[in-house]
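Here come two complexes built around subunit A, the first alongside subunit B, the second alongside subunit C.
After this line comes the complex of A and B, so read on.
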C-alpha cells in the first residue's frame, strides 16, 4: 500500500510539474507584460534603466532569455515562492498571498454547490429512473435538458431576476451581488455572508444536479434490469427497499468518477458565478491575470487547478474502492 | 394426494412491445402439490420463465396478466407488493439462471444470506443471522464456510455461487422453490452436483419444487411430473415416466428425440423416447468408413503444443509472479474426412488450443502442421491462402454475423479475399445456401431476419465458402435449442460424408460429441488426459476424469437417472448442528 501511494504521489508531482512548466513557458513566451506596464501611447517615456530594473524585479524582462526566466521561476518554486503579481498595479504582491486569500472564497462557493447539486442529482436521477415515463420523470428530464443547454449567465440572470422580483413585492430579498459587506461586523456580517451565498449556491447546485441526474438515471436504469436486483426482490424485499439496499450502491459506483471530477470541473464552471455575483475568487483572478499579462499569476493558477484535478482523481479512486470491493 | 400448494388457472401474460402485442403465456393451468417436483420444459420463447416470474409476482410493470394464481389459498394477483414481499423468500423462493450476475457484487456472501433471514425474521439478531448464514453455507457444501462468508461474490466460482443461491432459497424453509434453469450456465460436473443438491434440499424440506429447464436430461433425474410448453402454450403434462416413455403429443416426441444421449451406443434397454432422432445423425456420421484411418492423409497435426501466459504484477514495472499454463503440451492429429472432438470443461484450454491453430504462426513451443506444412515457416501470402483451408464456425450465431451485411455478402467475403471472380462467387453462394438447406433467395436478406438455427447454418456456409480442408467448430450448437441443435448436427454430419471435410469439434458437451465425432480427446487443465475412438472412450473410459465427466452427464431416462447419486445436502448443518472447527464460540452464541 505504501509503495502504491508513493508511486502515485511521485507520478502526480511529475504531472503537476509538467503542466505548470508548460503553462509558464507558454505564458512567458506569448504574454507581453511590458506593453501593459508601459503602453506604446504612454504620455512620457520611461527611462530604459528604470524599465529594466522594474521588469527584472518581477522576472518578466523579455530581454532575458526565456529559459533563464524559467530557471529563475523554478528556483523560486522550489523554495515555495510563486513570484509576484505584475500588471497595471505596481504593488508586487506575492502570488501565493493572493491565492491564499482567494482560494477559500472559491472553495466556499464551489464545495457547497457541488455537494448539494450532486446529492439532488443522484436522488432525482434515481427517482426518475424508477418512475420511468411518469409525469415527474418527463418534467425532470425536460427541466434538466433546458438547464444543461442554457448558458450559465442566463441561469444566473434568471435567479437574480427572481430574487429581485421577490424583493420588489415583499421588500425582503437576498443580497444581489458581493459576498461580503465591509460595513457589517460580527454576527451581522455572518448573516450577510450566509445570505450572499444562497443565490450562487443555487445556481451551481441546479446546474450540477441537471447533469448528474442524467448520468444517475442511466446508471440506475442499468441496475433496474439487473439479475441481482431481481434476486433481492425474490428474497422478499419490496421494490423500494431492494433499490435502496442493493440498487443504489451499484448505481453509485460509476457515479464516483463523475462526482470526484465534478469538484475539479466546478472550479472552472464557477467562473461566471464569481464574475456575475462579484466574488473575488480564483476564477475571477485568473481572468484578470491573463488580461493583464500576469505570467506568474497564470502559472500559479494552472498549478492550483492541476493539484485539484489530481486530488479529485484520487478521491474518485478512493470512492470507487469504497463502493466496489472488486477493485480493492 | 395432498392439497395443492400452488394452482395456476388460465394464466395469460402479454407484453406490449414496439412490434405490437406479444403473448408470452396463454391459458396455462397447472397445480403443484406439497413435496412434488414439477418440471416445466420448453425451448426458448416458450413462456416457461415468464410463467414462473408471474408466480413470484416479479413480472415487469408493463406485463398484462389475466387468470389466477393461488398460493396456499391466497390469490396473489389481489395482493400488494408489500404482502407479496412477505411471501417471497419465506413461503416461496427462487433460484435463478445465471449465478454470476444474480448476487449483488458489492456485499459479502454471508451478509447476503443473512439478509434473507433478517427480512422475514427481524427479531433474529444480526449475530445470529450471520451464524445461520454460515450453517447454511456448510449445508450446501461450501468448504470453510466461516471464512467464505466473509468473501465477495467475485471470489466464488459459478457453481459455488449457485450453491449460495440455493442456500438463500432454503434459508427460511419455503413451501415452494422455483428453480429457473439453475444449471444452464454451469459445467456438466458442477451441474450434476447442483442438481443433486437441489433434489436433496427439496427432499429434506419436503418443499414443492418447480424446475424450469430446456434440458430433458436434467428433468429425468429430478421431476415427478413434467409440463411441456411450446410457443406460450401448454403442450402436454404427465408423470415423468409417461412423458419419457409414452409421450402423447408429437411436439413432446420431437423434443425428446432430439436430445443427444451419451448412452446411445448401449441403447435398446432404455424405454425412453429420448435421442431417437440423434441415432440417425450418428449413423450418417459414421457411414463412410471405407479407407482405414492410417491410410488417409493427415490434415492437421499438433505436436507438443504449449501456451503459457505470464501472470504479472505491478503497473509501472511489470514483474512476473507466476504463469498460467493454458495449454500444456498437447498432441493430436486429424485425418481427412474425420471429426475429432476436443472435450473439456470451462478453463481447460480448448479455446486457447484452437486460437493457437487459427493464428497460423509459430507457437511458443511445439509445432502445428496443416497438410504436413509447419505453420511457423509460412510467408504472409501463404498464410492468407491457408485461411481458406482452415475455417472457423463460432459459438454464438447472433454475434458472429455482421448485422449490416446481407447473407450473400457475408458468404462472398472470404471468397473475395481469395480473389474469386464475381460470376464464380454468385454460383457458389447459391450452391452454399442449398448445401446448408437454406434457399438461394435468402442471399439478399439480413442476419436479423433469420432464427438462431438458420444463422448457424449461414455460419457453416461461410466456413465452407472456399472448399476448406478443415473446419474448426467452436461449440457450434451450445447456443441453440435442442431441436434446432439436432438439425445443425445432422447437417454437419451430412456435410462431412458428402464433402469429405474434416472437423475439429470443440465442445463441453459429451452427449453432443457422441453423435458426430469419430475420435475424442478429453482435455483437462491444459493437457489431454484421454484420447481415442469415440465408442472406445464412451464404453471403456480409462482416465478417472473421463469417468467423472461421463457420470455427470444427465441421462434422459427417468429409471436410469434415478439410480445415479451425487452430493447431498448436509441436513445436520442445516438444523444448526454444525461440525464447525470452533465449537466453543459456536456454543456461546447459541446459548
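After this line comes the complex of A and C, so read on.
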C-alpha cells in the first residue's frame, strides 16, 4: 500500500512539475509584459538603464534567453519564491502574497461545492439505480442530463435569475453578488458571508452532483447484477442491508478515478462562479493575470491547480486502497 | 467449439426458406397455405439486413433520437438562413431601443449596447456549430492516432512498452494541465489570426480521455487471433490497424465524436464567455451570453435556450446511437 501510493505520488509530482514548466515557458514566450514600457503616446522614451532595471527586477527581460529566465524562475521556486506580479500593473507584489490572500476565498468554495456535490451525487446515483424506472429515477436522470448539457455560466444565470425573481416577489433574497459586505461587522458580517456562500455553493454542488450521479448510476447497476449481491440477498439480507454492506463499497471503487479529476473541474467551475459573483479568488486572479500579461502569476496559478489535482488524485488513490482490499 | 460449417449467414437462411416452400414440399402440402405464404417481395431482401440498415432502424425507433435529429437540423437551417433573411446584423446598434424586450422588429429584444439579440444569436450559432463539428472531428483523429498506436505497440517488446508508457504519460500530462488556462494564454495570438484556429486549439486540450479508452480497446483487439494471424502473414502494421482494428472500434468512435461536438461547443462557449475566445469581428454563443443582464432576462435566455437545445439534442443523438450500437441495451430487436 505504502509503495503503491508513493510511486503514484512521485508520478504526480513529476507531472505537475512538467505541466507548470510548460505553462511558464508558454506564458513567457507568448506574453509581452515589457510592452508597458513603450506606451503608444509617451512624451519621451524610458531611459535604457531604467528599462533594463525594471525588466530585470521582474525577470521579464527579453534580452535574457528564455531558458535563462526559466532557470531564474525555477531557482526562486525551489526557495519558495514565486516571483513578483508583472504586466500592465506595475505594482510588483510577491505572487505568493497575492495567492495566500486569494486561495482561502476560492478554496472554501471549491471544497464545499465538491464535497456536497460528491455526497449528493453518490446518494442520488445509488438510489436511482436501485429504484430503476420509478418516477424519481426518471426525473433525476432527466435533470442530470439537462444539467450536464448546460455550460456553467448558464447554470449560474438560472440560479441568479431565480433568486432575483424571488426577491422581486417577496422582498427577501440572498445577496446577488460580492462575498463580503465591508459595511457590516461582527455577527452581521458572518451572517452576510454565510448567505453569500449559498448560491455559489449550490451552483458548484449541482454541477458536480449531476455528473457524479450519472457515473454512480452506471457503476451501481453493474454491482446490482453481480453474483455476490444475489448471494447476500439469498442468505437473508434485505435489499438495503445487502446494498450498504456489500454493494456500496464495490460501486464506489471505480468512482475514485473520476474523483481524481473532480477538483480540477471544480476549479474551472469556480472560475466562472468567481467571475459572475464578483469573488476575488484565484480564478478571478488568473483571468486578470492573463489579460494583463502577468507571467509569474499565470505560472503560479497553473502550479496551484496542479497541486490541487495532485492532492485530489492522491486522496482518490488512498480511498481506493481503503475500499479495495485487492490493491493493498 | 463452433464448427465452421454450422455458421449460416442471413443469405443461407433466406435460401433455406425459399427451398422449404410449402407447395413444393409433399409432407407439408396439407397445411393451410395462408400461414406459410411468404410475404410479398424477395425473401432475400427481407431476411438479410445489413449492419447499417439495422442501426438506422434502431436509431429511428428511438423517439428521443428523432427529436434530437429534427432539432439539430432545424438549428442548422436557422444558422444558415436566418442571418441572410433578418434585417439586423450582429453589430448594428439600435441605441434608441436599448434594453427593450422582444418586439416585432427585434424578435428577441435588444441588449444594453443596442445590439439585436436574435441577429447575434443566429450568427453565433453558425460559428458555434462549425467549431463544435470541426473540433469533434479533429479530437477524434488525434485520439485515434495516439490511442491505437499506444495500444498496438504495447505488446511489442521492450521498445513497444517504452513507447506505450511515454504516450500514456503524455495523456496524463495533458490531463493535469489546466486546458482552459492554456487556451486563455493563446487568446492574444488567436485575435490576430482567423477564428478557425480555435478548432485545433480546442482539440489539442480535449483528446485525452478518448485516447485512453481507445488504447484499452486496441490492447484487447491486438490479442485476438485474426490480428495475430495478419501479423504472422507479414501485413504492414498500419494496414492491420486500418483494416482490422479501426472497424472494430468504429462504433465507439462514432458515439464519441457525436458527444465530442457538444463538449466542444460547451468549451468554446465558456472560453468566449470569459472574453478569451471568439471576439469582436465575430460572434459566438458565448460572446452573446457575455452581454447578460439579470434585470433584462431576454438578453441571456434566448442564446442560453438555443445553446441548451443544441447541446441537449446532440447528446440525445449520441446516447441513442450508443443504445443502437450496444447489443445489450434494450433496443436490440430488429
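Just so we're on the same page, the second predicted complex is superposed on the first by the 302 of 328 C-alpha atoms of A that agree within 3 Å, B and C clash if a C-alpha of one lies under 4 Å from a C-alpha of the other, contacts with A are read in each partner's own complex, and residues count from 1 in each chain.
The working rule: a residue touches a chain if its C-beta (ideal position, glycine included) is under 8 Å from a C-beta of that chain, and two chains touch if they have at least 3 such contacts.
Predicted model, so just to flag it, every value in this text is computed and none were measured.
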{"item": "Touched partner set for A:275, first subunit B, second subunit C, both or neither", "value": "second"}
{"item": "Subunit B versus subunit C as contact partner of A:237, first or second or both or neither", "value": "first"}
{"item": "First, second, both or neither for A:160, with subunit B first and subunit C second", "value": "second"}
{"item": "First (subunit B), second (subunit C), both or neither touched by A:170", "value": "neither"}
{"item": "Touched partner set for A:326, first subunit B, second subunit C, both or neither", "value": "first"}
{"item": "Residue contacts with subunit A in the superposition, subunit B compared against subunit C", "value": "C"}
{"item": "Partner chain in contact with A:227 - subunit B first, subunit C second, else both or neither", "value": "first"}
{"item": "First, second, both or neither for A:309, with subunit B first and subunit C second", "value": "second"}
{"item": "Subunit C-contacting residues of subunit A that also contact subunit B", "value": "none"}
{"item": "In the complex, subunit A residues that touch subunit B", "value": "7, 226-228, 230-239, 245-246, 249-250, 253, 323-326"}
{"item": "Subunit A-touching residues of subunit C, taken from the complex the two chains share", "value": "169, 172-173, 175-178, 180-182, 184-189, 262, 266, 269-270, 273-276, 286, 289, 292, 294-295, 297, 300, 304, 307-308, 311-312, 315"}
{"item": "Subunit A residues within the subunit C interface of the complex", "value": "11-12, 15-16, 18-19, 22-23, 26-27, 30-31, 145-146, 148-154, 157-158, 160-161, 164, 176, 261, 264, 267-268, 271-272, 275, 286-287, 290-291, 298, 301-302, 305-306, 309-310"}
{"item": "Touch list for subunit B against partner subunit A, complex", "value": "56, 58, 81-82, 85-90, 93-94, 96, 98, 101-107, 115-116, 119-120, 152, 154, 165, 168, 315-316"}
